[in-house]
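Chain nomenclature is as follows: A, B and C, assigned in order of appearance, with residue numbering initiated at 1 for each chain independently.
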Amino acid sequence: MPTLVYLEDHEGELVKGSLGVLTKAAQLGGDVAVVVCGSGVQGLAAQAGRYGAARVYVADDPALVAPLPQPRVDVLEALVRERGFDTVLFGASVLATDVAAGLAARLPAGLNWDLVDLEVRDGKLVGRRPALQDSVYADVGWKGEPRLALVRSGTFEPVEGGGEAEVEELAVETQDFSRQAVMLERAHAESEGPSIEDADVIVAGGRGLGSPDKFGLLEELAQALGGAVAATRAVVDAGWYPYATQVGQTGKTVSPKLYFACGISGAIQHKVGMQASGTIVAINKDPNAPIFEYADVGVVGDLHQIVPKLTELVRERRT
Amino acid sequence: MRLAVCVKEVPEASARTRIDPGTLRLDRGGAATLNPFDAHALEEALRIKERTGEGEVVAVMMAPLPAADSLRKALAIGADRAVHVADDALAGSDLVATARTLAKAVEREEPDLILLGQQGGDSDGAVLWSALADLLRLPVVSQAASLELAEGKVAVKRQTEYGYDLIEAPLPCIVAVSDAINEPRYPSLKGIMGAKKKPHETLNAADLGLGADEIGEAGSRTEVYALADPPSRGDSVRIEGDGAAAEKVVEYLTERKLI
Amino acid sequence: MTRPADFPPPFDWREFVAEPTDPPDERIDVGVLVVGAGPAGLSAAIRLGQLLEEQPDVRERLGDVPVAVVEKGRAPGAHLLSGAVINPRAFRELFPGLHTEEMPFRGAVVREGVYFLTPKRHLRVPAPPTMWNHNHYVASISEVGRWLAERAEEVGVTIVPETSARTLLVGGGRVLGVRTGDRGRGKDGEELPTFEPGSDLRARVTILAEGTQGHLAGVASARFGLASRPQVYALGVKEVWEVPRPPNRIMHTMGWPLRGGKQYREFGGSFIYPLGEDKVALGMVVGLDYTDATLSVHDLLQELKTHPFVHGILAGGTRVAWGAKTIPEGGLQALPDRLSFPGGMIVGDSAGFVNVPALKGVHYAMKSGILAAETAFEAVRPGQTAWGPGSLEGYDEGVRGSYIWTDLHRMRNLRPAFKHGFTRGALLAGLSLNTLGKLPPGTMELERDTDISVTVGDRARAYPTADGELVFDKLSSVYLSGNRTRDDAPSHIRVDRKVRREVAEAWRHMCPAQVYELAGEASPAGNVVDVEVTASNCVQCGAISAKGGRLTPPEGGDGPEYALM
């Protein structure tokens, strides 16, 4: 099953999500190659080897400087056709999603997305994806080849296994229409921390905080963890925190790896906005709060004591 | 200037959506509505038309016939014309088959700008516009948090994990808007009552020149095998009191490499 | 003695009556306007559509949109809730030749049972004749609404959903139509960027079919002096469950969990109906003249489910729907003195055509819609007007000469009898029934729900705690109703915000959607407390309007989205 993994890079580093997909591909066995697109990216090739790639194709060209999808579709199409890959894997991101979808139309090929697992069953590649707000899981597959897959961000952990990869430079040719979109300004990492939709860690507060200034405690913890602060409808209604941070049925839906629910009772209107979170830690005075029914860690206690202590401990560990 | 907006119908949030165990397809039985994400695309199209003082907004939808009501809502909100592609043969279309169908319908309109919403709600994965762009061989910009129209081109602020890029593309092109771009308007009473009088065309696959092997299940390359319950969250841990609670939490999270 | 009537809401009907203001190019003209896409309104629309199909020249006169129905819910059916066991009589009248299999019903009533419940046991009692349901059908009224809307569109009716009718347009002493509500206002009434003002919607005839506690019906009643006697209400909270084996009969219960003592005034019971092959609809209905401020119909329904008799029916099942709505219970003596006024008529539950002992209202609503349509049709013919004195009185005559009147007259003393408590009430009711309403003679008076004193009792102590499987809390129920009203929507609820604690507690417990909370700490009885209102939870059941507040129409599209109710 000759597999190609699309490796994304950002500001000189290979993106963790795509390295995780590479690790998984290597585990599934067979020949795994990767492709890295950009300008001045040869240096990243060696990294790829350490995460399980047997071969690294480097498409290094000024046309690929900007993180725009369409020229990358041209590169991948040529690579897939010429080298006969039957499987192409992507770690989902804004860019990777656009590339995968464009490639699916180009080849054409079947694309399954939002996968949270991949396995080989009876010689066939099978993906697993959640559906209907994570209430049901579907096993999905492909008819014919190549098979394209987009893996949900952060699903697989990158594991270094040593190993060296062969590096091959590709000649890059792009279509006229692929070059029409031009990047005038490029985004850089935001200094205030991630938005709640992108954050890996969220520290959320509800009525149990008692007063708006207590959000300061949550901000400290979020900062220590590199995460974002969110709020429930009740406190946003009361003007304690901005609507942009509201999680819930009438706010945003988030699925971070780690979600702290501080002083939040956990009514369903809130739950539907965060139930897909990886691990939920709830801190609440009321042992009967509904949130304890679905939190992974339920702490019955005073958040005003516990949250600062958590912040302290996290900071200690970081140093 | 002609603006084409691709819209779809999704089940009402309150509807009990389920996957039909027989066909393993989304059971669209029950109340459905115009995709709220597409409302942002339609709104942006209407604003452009209002800003430039001229133009035509065409709403294009690929869906079974009963979805005509949702398409009419686009007319009520302000679209000038509606094009509905309906055909039993389209059932079971995957991403590429859907994109092929929409490409043919959109191409027919010769639009200057094609707008889409950021996702489909029920099972979509933010993939349609890229596939559409490739088939139409047009530049595409996604996740638009703002859109400015200048002489024959658009300037878009694209929102990614890293912040905002500023991207320019010449017309004709495709822009997929995020829900941050605008607040969609409500239809006026006049709009609602006038919707039925606006041109509303219904086409089938043959009208678009689509072959049987290009659409529906026959034209699709992905399949669903089986359904399963999501993995249970596992045992939850209960921690009482304030004394060592924080330490225990940190221990738990460290063990699982979450900190 | 603390009564909700002591704290009237900041509501003046005059705020909702106005002359038209839109210039001709902005206003919308229709032939006949129906407010509300429920059974009454849609029947009126359908009947009109049928009549106009037969008389194209009359249709011409009515312009581009001969018949329009405005509906404040997302779609017809979204705000409809009922048991329901329907007498198909009005369906047959409206659709002659239509077979019952083609009607939007979920099954014929084959068997029925009436039960008296004690905390642990159930006793079958003979069903009173008023409750015999042979040849009747179980249905979901939301489904009926959707079905009727489709039939209406087939005869050329224009249905306009997500549109609330806020103001009665009156000029020259007659109703000219309605002004629709604005959309896109913020919490303090400010105009948001999406602000869309309402429009003047003018019609030759306006039929008010807003259901229980109809807003404009109340305004019209005040403006034209239509009613001299109070209406009384019951609150019903209902759930639909998917179960492995639905019961083989429709069931009604009385007794537990309601208390029979005269001092409690807890009149009502429950219904349990099989809904199709895999579902059960069940609900608790209680008159709003109860005296214990801690009574909560939602929680009584939860309690009911813990009874072995009911628990057994739901075993292995999942709750799939929840909703709440009030029912006008006053019967004959609560009907307005006049049902028509210059330029308009009131139909359905807004008038109060509900036969409480038989638990029937749908076919009366539909019949009244048919009668109103026929009157409207006559009034729009060439040479006729809809606003001359008596132009629409044909409708009043029609209702009085119909089975609506005969049936309500026969039942008129049953409900009021129960203010004497369960036992004495049952005796009086039995007497009335057996003499077909002739005894006791005369007509018993009804007391306004807001005039009943409330005290903080201890009923709440027995409510079961939510477990998310059988027993559910109010917030998760509101979620299940499909209510996604935006949080910054302006409040549509008029209620005094500083009231005595007993009244605040009564509202807090009464409201099935947890709209009312007491701000701050509990104070000793007798003190005045602040009331916090979370209007976006509201499912527009109307209970607050019966108990001291006043609902006005929220922005179009807001509120529940009932599909199976």
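Here, contacts are C-beta pairs under 8 Å (C-beta built on N, C-alpha and C of every residue); 3 or more make two chains touch, one makes a residue touch a chain.
Here the structure is a predicted model, which means the values were calculated and not measured.
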| item | value |
| --- | --- |
| Identity of the most central chain, Cα criterion | B |
| Of all other chains, the one whose Cα centre sits farthest from chain A | C |
| Which of B-C and A-C has more C-beta pairs touching across its chains | B-C |
| Approximate Å spacing (C-alpha centroids) for the pair chain A, chain B | 21 |
| Gap in Å, rounded to a whole number, between the CA centres of chain C and chain B | 38 |
| Whole-Å gap between the CA centroids of chain A and chain C | 49 |
| Residue list for chain C, restricted to those that touch at least two other chains | 484 |
| Chain B contact footprint on chain C (complex, rising order) | 26, 28, 65, 68, 74-75, 158, 160, 162-163, 180, 183-184, 192-194, 196, 198-199, 201, 320, 481-482, 484, 556, 561, 563 |
| Chain A-facing residues of chain B, complex | 17-19, 24, 94-96, 99, 122-123, 125-135, 137-143, 155, 158-170, 173, 220-231, 233-234, 236-242, 245-247, 249-250, 252-254, 256-259 |
| Chain B-touching residues of chain A, taken from the complex the two chains share | 10, 66-70, 73, 93-95, 97-106, 108-114, 126, 128, 130-132, 134-144, 150, 157, 175, 177-178, 180-190, 194, 198, 225, 257-258, 278-279, 281, 283, 292, 294-302, 305-306, 309-310, 312-314, 317 |
| Residues of chain B that touch chain C when the two form their complex | 12-16, 30-31, 33, 183-190, 192-193, 196 |
| Chain C-touching residues of chain A, taken from the complex the two chains share | 233, 236-237, 243, 249-250, 267-269, 272, 288, 290, 293 |
